[in-house]
Each structure stands twice: as C-alpha cells, then as structure tokens.
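Each of the next two complexes has subunit A plus one more chain, namely subunit B in the first and subunit C in the second.
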Partner chain A sequence: MFSIVRSLWITFLHMFHKRETVQYPEQKNKLTTRWRGRIVLTRDPDMGERCVGCYLCAAACPVDCISLQATEDESGRRYPEFFRINFSRCIFCGFCEEACPTYAIQLIPDFEMSEYNRQNLVYEKNELLIDGPGKHPGYNFYNIAGVAISGKGKGENDNEMPPIDTKSLLP
Partner chain B sequence: MDDAIIHRLWIIAGVLAGLLIVAPGLIWLERRMLALWQDRYGPNRAGPFGLLIVLADTLKLFFKEDWIPPFADKFVFVIAPTIVVVTVLLSFIVVPFAPGVMVSDLNIGILYFLAMSSLGAYSIILGGWASNNKYSLLGAMRGAAQMISYEVFMGLSMMGVVLLSGSFSLNTIVEAQKDMWFIIPQFAGFVIFLIAGIAETHRLPFDIPESESELIAGFHSEYSSMKFGLFFVGEYLGIILISSLTVSLYFGGWLGPDFLPPLLWFCLKTFAFICFFILLRASLPRPRYDQLMEYGWKIMLPIALLNLVVTAGVILMYK
Partner chain C sequence: MATLYIDNKPHEIKPGNSLLETCLSLGFDLPYFCWHPALGSVGACRQCAVKVFKDADDKKGRLMMSCMEPATDNQRISILDKDAVEFRAGVIEWLMTNHPHDCPVCDEGGSCHLQDMTVMTGHAYRRFQYKKRTHLNQNLGPFINHEMNRCIQCYRCVRFYNDYAGGTDFGVFASKANVYFGRHEEGTLESEFSGNLAEVCPTGVFTDKTLKQHYTRKWDLTMSPSICQHCSLGCNIIAGERYGDLRMITNRYHGEINGYFICDRGRYGYEFVNSEGRIRQPILHQHVVDREKILTEVSVLLKNSKVIGIGSPRASLQSNFVLKELVGKAHFYQGVSTREQSMDELALAILKDGPVRTPSMKEVEEADAVLILGEDLTNTAPMLALAIRQSIRQEPMKEAAKISIPPWNDAAVREVIQDKKGPLYVATVAETKLDDVATSTYRAAPEEMARLGFAVAHLLDQTAPEVIGLNEADLALANRIVHSLLSAERPVIISGSSCQSESVMKAAANVSWALHKKNKNVGIVLTVPECNSLGLAMMGGNPMEAAFQAVENGEADTVIIMENDLYRHSSKTVADKFISRCKNVIVLDHSHHATSANAHVLIPAGTFAEADGTLVNNEGRAQRFFQVQESANTIKESWRWLLDIGAASDNARIKQWKNFDDITVTIANEEKLFNGIDKVSPPSDQRMADGQRVPRQPHRYSGRTSMLANVNVSEPKPPEDYDSGMSYTMEGSRTLPPSSMIPFFWSPGWNSVQSVNKYQKEVGTALRDGDPGVRLLETNSDSPVDYFKEIPEKFRAIKNQLWIVSVYHIFGSEELSAKSASVAQRVPGSYLLIHRNDSEALKLTEGEIIEFQIKEQQYRLPIKWSDSIAQGTAGLPIGLNSVPYVDLPAWGILKK
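Now for the complex of A and B:
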C-alpha cells in the first residue's frame, strides 16, 4: 500500500521535471560529424572530382542502390560519366564510404530528404557533388597515387621516387 | 407545458451536452497529463495546446471503416457498445451538480446508481460474447467477474455515508456534509469506494478486461470506428461519473467557500479526481487477474464490512 502511494507521488513529481522531447522542426538535435545521413560526392582541394569510378562503392552496397559508369577525360583522369544513388533504397549503412579508396563518397549528417515523389529520391551526379573536400580536407588522390595523368608523370609526386627501371641491373 | 418541466428539460439538455463535450475532451486531457507525468509534451500541434486533437480524433473515428466481423453475432455486436454509454449517462440523472441543477432527485439515488453500473457490465459481456473471439471472451469474462465482485463492496462502502446522512438521495447526502465532509468520518469507506470505482470503470490499474498487453484489447478487440468510439466515450463518462460521485459522497459535492459558485466547486473537485484517475494510469502496473479477485474478496470486502459495522455502532452509541 505504501509503495503504491509512493509511486503515485514519484510520478506526480515528474510534473516538474524537464521535458525530454525535442520539438523537432523548430528545435533540432545536434548530429555528430560521423552521423550517417545523405551521401555526397566530394572534390579535391583543387576542385577536381575525387571519384575515380572504381565501382567499389557499388560493389559494397548491400542494397544495390548505387549505379555509375566510369570514363576517362583527355588528361587520363578517370571520373564517373554518371553517378546515381537511389535513396529510396539506400539504408545508410556507410559501406560505400568505407569501400571508397579516394574518400570521394561520404555520408554527412543530414537526413531531411523527404519527397512526395519517389522518383525524386534518385539523386544524379550533379545533385550528389559538393564543392568541397568534406571530411578529408587537403587530400588529393592524384597527388598521392602513382598514376600518370597529363601534367604529372610517374614518380613526380611529393614523397615519391622515380620508377625503377626493371630492365636494368644497376641498383 | 409548465415552467418546471421546461426547466427540467433545460437541465437535461445541459447535462447531456456538457458530458458529451467533456468526454472526448478527456482524451486530450488524458494524453496531455500522461505526457506531463512522463516528461513529454503530448499532443501540442493541432490548435492551441493541441486541443484540436479532440476534433481530429473524433473525425478519425467517424471515418474509419465500420467493420462487423462475419463470425460475430450482429445484433448483439451492435447493441453492446450502446449499453455502456446509455447506462452511464442514465446514472448521471442522480448526480447533484449544484443546488437545483440535477436531473432528478431520486430518493433511491445510490441504489439507482448501483443498478445502472451493474447493467453496464452487460456491455462488456455482450460485446465480448458477440465478437466470437477467444480474447474478447476472456476479457468479457474477466470484466464480468471483476465488475460484479467489486460492486459488492462498492455498495457496502457507500452504506457508511448513507448511515451518516440517513438518506439514499445524493442531494441530501451533499447537504448533510455542510459541517464536515464525509471523507473525515468515512476515510476507509472513501478509499474502498475509490478503488471499487476504478475497478468499476475498468481503468488502469484495473483494466483487466482490456489489458492490451495480454488480451490485445480484451472485449473490444473486434470493434472499430464509432462502435469502438462508444466504448471509449463510455469509459471516459465512467471516469467522470465515479469522480463526481466520489465528490458528492465524500467531498461535499458543490459545497465550498462562497467566492466561487457551487457548480464551479463541483467541477473543480471532479476535475481533481479525474486527474487522479489519470495519475493512477501513469504510475501503477496492472495486477494479475487472480490477485485482483483475491484483493477484492479477501481484503476489501472485510474492510468494507468492518467499516460499515463500526460506523453503525458509533452512530448507535451517540444517538
């Protein structure tokens, strides 16, 4: 009997506690930077597209919501001809981000992407690309990789030695 | 028609309209209060303080598919939800809202109320039976057993008040509390009446006929649309009824200091009890069915009898 009265009293006191609710559209929760939300394609610091069209994200995607077609520009850089993410399928698992060798595909803390029309959830490349490096500032894939593109031959990167002549016996 | 009848008709219309407006409003009140006690806000979007949720809820109930299961006993199925509303509304005949504001000052007011609440049990039994569904029947059986057994000592607990005031009429009972509210000499009776009242309206923690977590929704699991809505309204009307009766029997009804009109005093006290009902829902878990019956017959009944005997003895002694 006492415990009943006590629990009544404790519940009554909750009247004066702080509300737990976040009034969503007006108030917003703070999302952490590693929050997995909308997917974006980032760019190098010199504004070149990071994506090299390796298909690893599409392969890693458990729901097959990514489709792309790789192609090459005149300087020898690979880039996706089209890059399409179907957000009505996407489960925001972040596997694509983990698979990406060039930090191109990234998940950002934004989830407000509701649409009235399902087709509007299919994002094309121009909707995915952002004008910045995202979570990895200063990273430039072609400045690190040993791939030759026009304007930069093999071994011309910083911290890179010229390629070894495998035909020669000299050290 | 003479003026008395017209006056009476106005009171009937007022009480009916008031109750039918307040009962859906209680849905809002309950959700807001529950939220308050659970550190939430509750419905607060539609209209000021979310009050329009009442309108939305009612509209939703009206536009839902009114489905009668093919295996149900159609006539009984349809008639069951109306019984609870009708009996509870009829019970309000004897409730004195203010001096002169009551539908009829029956000299057997309390007996009439008990009779009506017993009839209300039919609603649950018939609803559960007509649904032709195991869970509904289980709920109905529990409901019947609970309501009948708790009625026994509900009646007994009220007898103390009857002894003190010497009348079955609620109006006389309220007037007899001019000097002292009956809560003081009849505290045990009050506690028993309140517990029995909660069981009678099968509100939490005694919502064993419904118990959504074990019986889906008990006797009204097959009901939809406005038929379900009637059960709902009946339940809320029951809360108002028990609250107003508690106020009339033990808390001096419309009696109160002069700075507020009697009707307002009555409404305020009733409102406090309605909030208490919601607080009960917010804080207490549901007992098991056998615990409920054991509690009723082994604890409440002896206490009610003892209370009655002691009250009678004391009254005899001082007469």
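Now for the complex of A and C:
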C-alpha cells in the first residue's frame, strides 16, 4: 500500500522536473558538426569539385555502398563522372570521410532521409554535391598536390620549386 | 645446397644468387627499387641494405646492399638489425622528400611499389618541410602517360627501355637530384615494348594512358587469367573489367613464355572489346531479335538446307571443334587461304615429325646463336624479338662468367661485354628493327632466302640437298653462319609463315635438322599468323577454296562463318561471289567487319573477355583463357551459341555437352593430337582446399551494393561460372590458386605487380606449381631426318613487274588490335615499299602514287623507299585495313 502511494508521489513530483522528451519533429535537437548523418560532397573555396575520384571512400566502405567512376576534365582536374551512394545500405560509420584525402566527402548532421520507396535512397552526384566547403573551409587539394591543371602549371603549387631545366648541369 | 643464417635462423638456399633474390625467394619482405628480376642488380637505390656478419662471433657486422652480394654458404646476415632497419627507413624518407602528395590522382595508387615499400619501412610521417623539386611532363604518345614529379630515380625505366628492349629514343637527362627520364623532345615512344614502363616503373611516372580514360583502381577490377590474342606466341595476360568494360591488360608472369613483359600490341589491343564496332545483339535480316528467335531460326535453317561451317584461326579450339561437330567433319573448312593453311600444316609437320624440338621463349633468350629466316619478328611476333635481344648477350656473357661475375650483376656484366654481341643473322625481305644488333643481315626475295638456308644446311651436312649456282657473297655468308652455328652451344633457328613461302620454312627446317646431327641442343621456332593457327592446323579441316567450290557446285547453300572475316583470307571478288551465292550467311562474331556486313543472320559471340577457351601457341603449348565478365547482353562464347543451336536442332551428340569441360574432355579423348588439353586447367568442379572457388575480385573490391543501384536498389544475384572453378565475386579462397588460374598477383604488403615474387618457386623461375599450359608437340630426337629437297629457282626480276611480298606492322597488320583506339593511332598509312633504284627507274619519287595490279586486284599506293629491299621485289603491308587482301607473294604488274 505504502509503495503504491510512494510511486504515485514520485510520479507526481516528475511533473515539475525539466523535460527530457523532445517534441520531434516540431522541436529539434541540436546536433554537433561532428555528428555522422547524411553524406555530402563538398567544393573547394573556388567552387571546384573537391572529389578527385580516388576510390578510397569506396574501398573503405564496409558495406560497399559507394560507387563512382573517375574521369578528367579538359583542365586536367579529376572528378567523378558519376558518384552514387546507396543510403539504404549505408551504416553512417564515417569511414569514407576518414579515408577521403581531399576532404570532399563529409557526413553532416542531417538524418531526416526516410523514404517510402527504397529506390529513392539511391543518391546520385547531383543530390550529394553541395555548394560549399563544408567543415574544411580553406582546403584546396590542387594547391598542395604536385599535379598541374590549366591555370596552374608545374612549380606553382604551395611549397614547390620551379620546374627543372633538363639541359642544365649547374649545381 | 648451402645454409644461410638470416637473423640467426638457418635457411637452405641455392648459392650464387644475390642475397636480395635469396631473401625474397625465402619469403622475407625486403624493400627494393632498382633491382628487377629480369633486369638484374645495379645497386643504385640503396634500399635493400642488410647487415652482413663475418662469422658467428661478429656482433657488429656491416651494412651491405643485398642485391649486390652473392649468397654463400654459412653466411650470416640480418634483415631486422636495428641499423639496417633505420638505414632503409632513412633511404625511403630521402626518396619521399621530392615525391608529390598526389596519390589520390595517381593511377599507380593501390598497385604502387613505392607505396608498398614506404609502408614496409614504416615511414608514415613526412618531416621534410621545404620546397619540392618539380619537372615538366612530356606527351609520350597514345600508350604511356608521363608524370615526372613522382620519379624516385631508380633508373629502371632506362635500363628496361634502352638496355633490355633496345630502345633509342629515351634517356636520362640533367644531373644529381634533378635527373629527368624522358625523350630528348616530346613525341611518341618508338619502342614496341614501351607499355612495360608502366609495370617496370615502381611508382606513377609512367602509367597506362588507356587506363586513364576509364580509370579504375587495381582493387576494383574483376580480373581473370587470359591469353593474348594478337599473335601466335600466346603471352599470358591478366584482363581486368569494371562496370561491364574491359579496363586494363597487364602481364601475367609465365616463366617459359613472356616472363615479366608483354608487347604494346598485347597490352593496348584490348580496346576492341569496348569499341562501337561490337556486335551486341542477335540480328536477323537487319532486325534485332531475341535469343530464342535466333535459335529457332538457325535450327530451322540447319534442318532445311545444306550447311557448311567455316572456322577460324583466331577462335578457340572449343569453338572450332563444336562447329566441326555441328556441320560434320566433311563440311568443316579452316577459314584460311590455301597457302596459309599449307604453311600452318608445314609448320605443324616440322614441329611434330622432325627431330628438332621447338624451344620456349625463355630458351630462346638463352640461345647463343640465332639465325632468322624471313621473319620480321618485331612486327610479327614482337616478344620473340625481345627474347632475341637477350640472346645476343649470351655469347659475350661467357666472358663475364670466366672472370666470376654472376649474370645478375647487371652493371658489371655490361661493363665487361661493352658493345660485343653474339651471333645473330637476320635474313628478311626488308629492314627490321633487329638489324642494329645483327651480326649480318641479308636482304632478298623469299626464294633467295630459302636458297641461303638450303646452302647453310648443305654446308652443315653434306647429305642435305645442295644449292646450285649460289653466288660467292652468299656462299661466304653461308659459311660464316655455319661457323657461328657450329661454335654455339644452344643455337636457335627462327622462321615462320610471314613470307608465305614454304621453301623458306623448309630451308629453316633443313638447317635445324642438319645442325641437329652435330648438336642436339639446337631448336627451331616457327611463328604462325594468328593466336590459334597451329591449333586449327592440328584440328584439321578442308581448305577454304573447297568451301567456295562446294557452294559454287550447289553442294551447299548455307554457311556458318565463325569469328572470321573472309575478306582477310581471300580476295574481294572471290569472297563477294561466295557470299552472294550462299542462300543463308550465318555469321558468329564479336566485331563488325566486311563479312558480317553481308550476313543474313548475325550472332553476337564473345571476345576473349567474355569467353573461355583454349589456344595453341606457336610452340604447340595449349593454354586456357578464362572469361573475365558475364555479359549483360546476349553475348556468349561461340561454342556456347553452337551448343544451343545444336540442342535446338536436336543434334544428339552436341546435346550431351553442357559446359566447357564436356567439350574439352571430348576433344582430348577423340583427337589424338590434343591428348592432354583437359589438363591445361583444373576441372570446373574442382575447388580449393577450403572448398571454395578462386575469386576473380580482390578482397578490397568496392561498390557491389551500389554499382547497379541506379537500375534497381536490390542487388542482383552474381553470375555463376559453370565453366571453371573461379567465382565472379570477391568471395572465395584466399590461398595461392593453381598457376593456370591466377587472376591477379597480390600478397599482403605487396599490392603492386612485384608481388609476383610470392607466386614463384624461386624469384624469376617457374610459378609455384609449374608454369601453366601443356606442350602438345614433343618431338622425338631420334626421328629420321628426311630433308626437304625442293630448292627454289634463283629469283629473277621481270621488267615492268614487281615480285610483291608481304611486310608487316606490329600496329595494324593484326585484325583485332587495329580496332583498338590507341593502337589505331599508331597504324601507318598504306604504301608500297620498293628499292630506290627501282623507283627511280620508273621515274617515281618517294610519296608518289604507283599503280599496279595483282591478279584482278588493282592498287594505287604511295611509294616508300627502301635502300635494302632486293631490286625487283616490293613490300606490300598486307593486313592494314586500307590494303585489300591478295594472295602473296605474287607478281604485280605495273601500269604505265
């Protein structure tokens, strides 16, 4: 008898506590930037596609849900001809983000991706690519890698010497 | 055997090899760059340092480059010694100071020796903060991509390109850390073996340019062991597929045939598989139909008409055999011209019945005297030319052996032999690329070459027929050849069918037989035109002219032409007439050509990438190629289509065959010459020790739940392989597969092609369970010698006529590779090669059009001058698409 009354009392007291339940979807939780949700492809500060189609994300993916085909544009920049993520398989582990050498692929704090039709969970590049650099604002792969693209020749990267004159034997 | 102590543990070894080779053979991981099993040691990169101790009491030891030290008995070394480990890590760190951070966009990444070695030495963080050296790149043509920034100066490229393959347009420039590997000026690499740079280079300086156009990492390829289809040598290759396209061909090590290298035709000819000109759907009277419709249609035709079948020298044994069974032996025709057929049969007879055995390419590399009669090897059998470039070093290398320099000590050996070259005699119609290393060259019409050969044979053995009326210069040359051949330990005679002259091949046979009486080690190598020419000759069949006759006489009205373009084996008028006389022309092929354009029924056959099959190379070695991909369309192997057609038309015998094994076992049992071809590869129901299949995909294969998700988010069931013990997926056994079924080379820590070391018994020797393939033609050394006696007449030029013989081009003369986009860029324009004096007598200069007629075929071609081709003869680049077929050699009548 006493225990019933005690339980009622405790329950009654809870009416004055701070509420833990969030009234989703009217009310939304704040997620940190490191939260691993929907995957996006980001762009350089100069709005070029960051993804160079190196296939490392695909190789790192434990459920093999990323496929792409690398190609090269006329300026010599590599980019994915298509980039497909099958979110119905994705486990949001973030390995792809860790593997990405160009900060192109990033997981963002958005998880509201439910679909009635599973086929709609297959995202192509136009659905993945965003117009911004995401979590790494200043990074530009082509300023660091030693490859030449049009408008930026050999030796014009950060930390590079001008190209060697092969005809010179001077020290 | 000797004992080598590595880190105080004894190991049984063969003394004499370098320490590096020995350690690798024993399975140790020791990093290296400049050493290559085929190129030897030069000690340039300092990467393979180990500690060598004087004796068991020596605790200090000294650092030595393991590639430069021979392994000796009771030697004590340490790989794990702290100093050695630090030294190796230091070397890598230096090499990496200038290496760019571009692995993500580098085509080598994932199969990069530099990546592997960096990981192996533990260099994970770059301390170098200063500016990096850069280089400008060159456009090296359609095959090789150049990115000099990545270079680590190991010198393998020049050592392969110049020293090993005899290239002249590549070199090293500048000095110290600035050295630059490339051409003196931008331009296409001239060597026929330039593609190997992509495999020889330990990093991404030289990469495959065709791969770049549809780039895929090595780990993403579905790969299969395959056989090159572009000449008769049967080099082993690995073919890789992704998203339904064939992406890359790489060398598959075979200790007896191609070793570590393949030619550019083999490496880049694959693009025909992806080309627009493929036949992808069954076509009935110009309309695409489905599989059932075409099968019923063809089976009705088979019942209601008189059918003959034309096979092909580029189709597998299985396909030719099933076609023969379907139409009946009497109605099976070989699909090559009468002359070609008689040449192939002659080659077979010489190899089968003669006393002299045919050596493998590895043995040709070890030959110390070579006589070539009538073959421009660089263009007809390129890898054999590469083997000969090694054989000319054998004779001078004996000098190095005398002063105890081991053959693997490359720099020292080259220092000893300098420019000395062993005996090589090249008798051909026109200049060849081997002339620069030849002791003597001989330029003449095929008849004269044959006479020279017969004369050599007579000088070697008086019972061989004598040549009457040989001039003095030729006799002197013959005497020199005889002298060289007699003083050699392992002489090799090379000839083949490219002159299309039986007497040349007979002369070569006579020389080898005459020499055999004095030296049992002599070998004879005969090249044949296509990848399965010898196999087709062994299978037998009527000559194609008989097929034309049969239709002409009304004995047949329907023809099945399998993987064959008749316009490449008979003249246009004859083929046109034949096709127009046939009521039904059924063509089974993978690519469109002149014959398929006239077909009433067109059936999409598989290329080597979509088919299983067995080919017999010029050595008589039966080798199997495995299907790489299951095609999404109705494309199937020719033999599978024929099985289906046989079943649809109630052919009782064909009905019982269900898969590759059924056919192969039947061939092995029924055809005497093919005894043993069922042993070429393990049966399809055989599994690895753990009960699993051999996976075609590496364990890192990616994207399988996504690559087809755009079509349907539910993944389809992966295709099953009923024809072999391999799987099309990444599931399967991870142990070492049988040598005939190695889909790719990979070993933990060794992602690049260098992992082949782990698949060999000993570095540079046979694969672990023996090199694959079964040699079908083993000769009996005691067979009686029955010399060929028909010596041709002396060649006499005729006024206003030219004796026209075939000349060949590595790029262009072969049908399939010429359809490849990259190879097509290297195909020369058509021309007629004639002697400058002949041309001037006609008042024509180089480049002007010459008009002539061979039989009914008219030609208008620009003139190309040669200073060495015999006067009165001319070379026609037969096989080029712009040069219509004609039966050569033949007289060309000049028009005024």
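The rule is short, and it goes like this: the second predicted complex is superposed on the first by the 148 of 171 C-alpha atoms of A that agree within 3 Å, B and C clash if a C-alpha of one lies under 4 Å from a C-alpha of the other, contacts with A are read in each partner's own complex, and residues count from 1 in each chain.
Here, a residue touches a chain if its C-beta (ideal position, glycine included) is under 8 Å from a C-beta of that chain, and two chains touch if they have at least 3 such contacts.
Since the structure is predicted, the reported quantities are computational estimates derived from the model, not experimental observations.
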item: Contacts of A:152 with subunit B and subunit C, given as first, second, both or neither; value: neither
item: Subunit A residues touched by each partner, larger count belonging to subunit B or subunit C; value: C
item: Subunit B versus subunit C as contact partner of A:162, first or second or both or neither; value: second
item: Which of subunit B and subunit C A:12 touches, first, second, both or neither; value: first
item: Which of subunit B and subunit C A:171 touches, first, second, both or neither; value: second
item: First (subunit B), second (subunit C), both or neither touched by A:69; value: second
item: Which superposed partner A:53 touches (first subunit B, second subunit C, both, neither); value: second
item: Which of subunit B and subunit C A:20 touches, first, second, both or neither; value: first
item: Partner subunit B, residues of subunit A touching it in the complex; value: 4, 7-8, 10-12, 14-15, 17-21, 23
item: Residues on subunit C engaged by subunit A in the complex (per definition of touch); value: 100-105, 109-110, 130-137, 147, 149-150, 173-176, 178, 180, 182, 212, 214-217, 219-220, 243, 700-707, 709-710, 712-714
item: Contact set on subunit A toward subunit C in their complex; value: 52-56, 58-59, 61, 63-72, 78, 84-86, 88-89, 101-102, 118-119, 121-122, 124, 141, 144-148, 154-155, 157, 159-169, 171
item: Touching residues on subunit B, where the partner in the complex is subunit A; value: 36-41, 279-280, 282-284
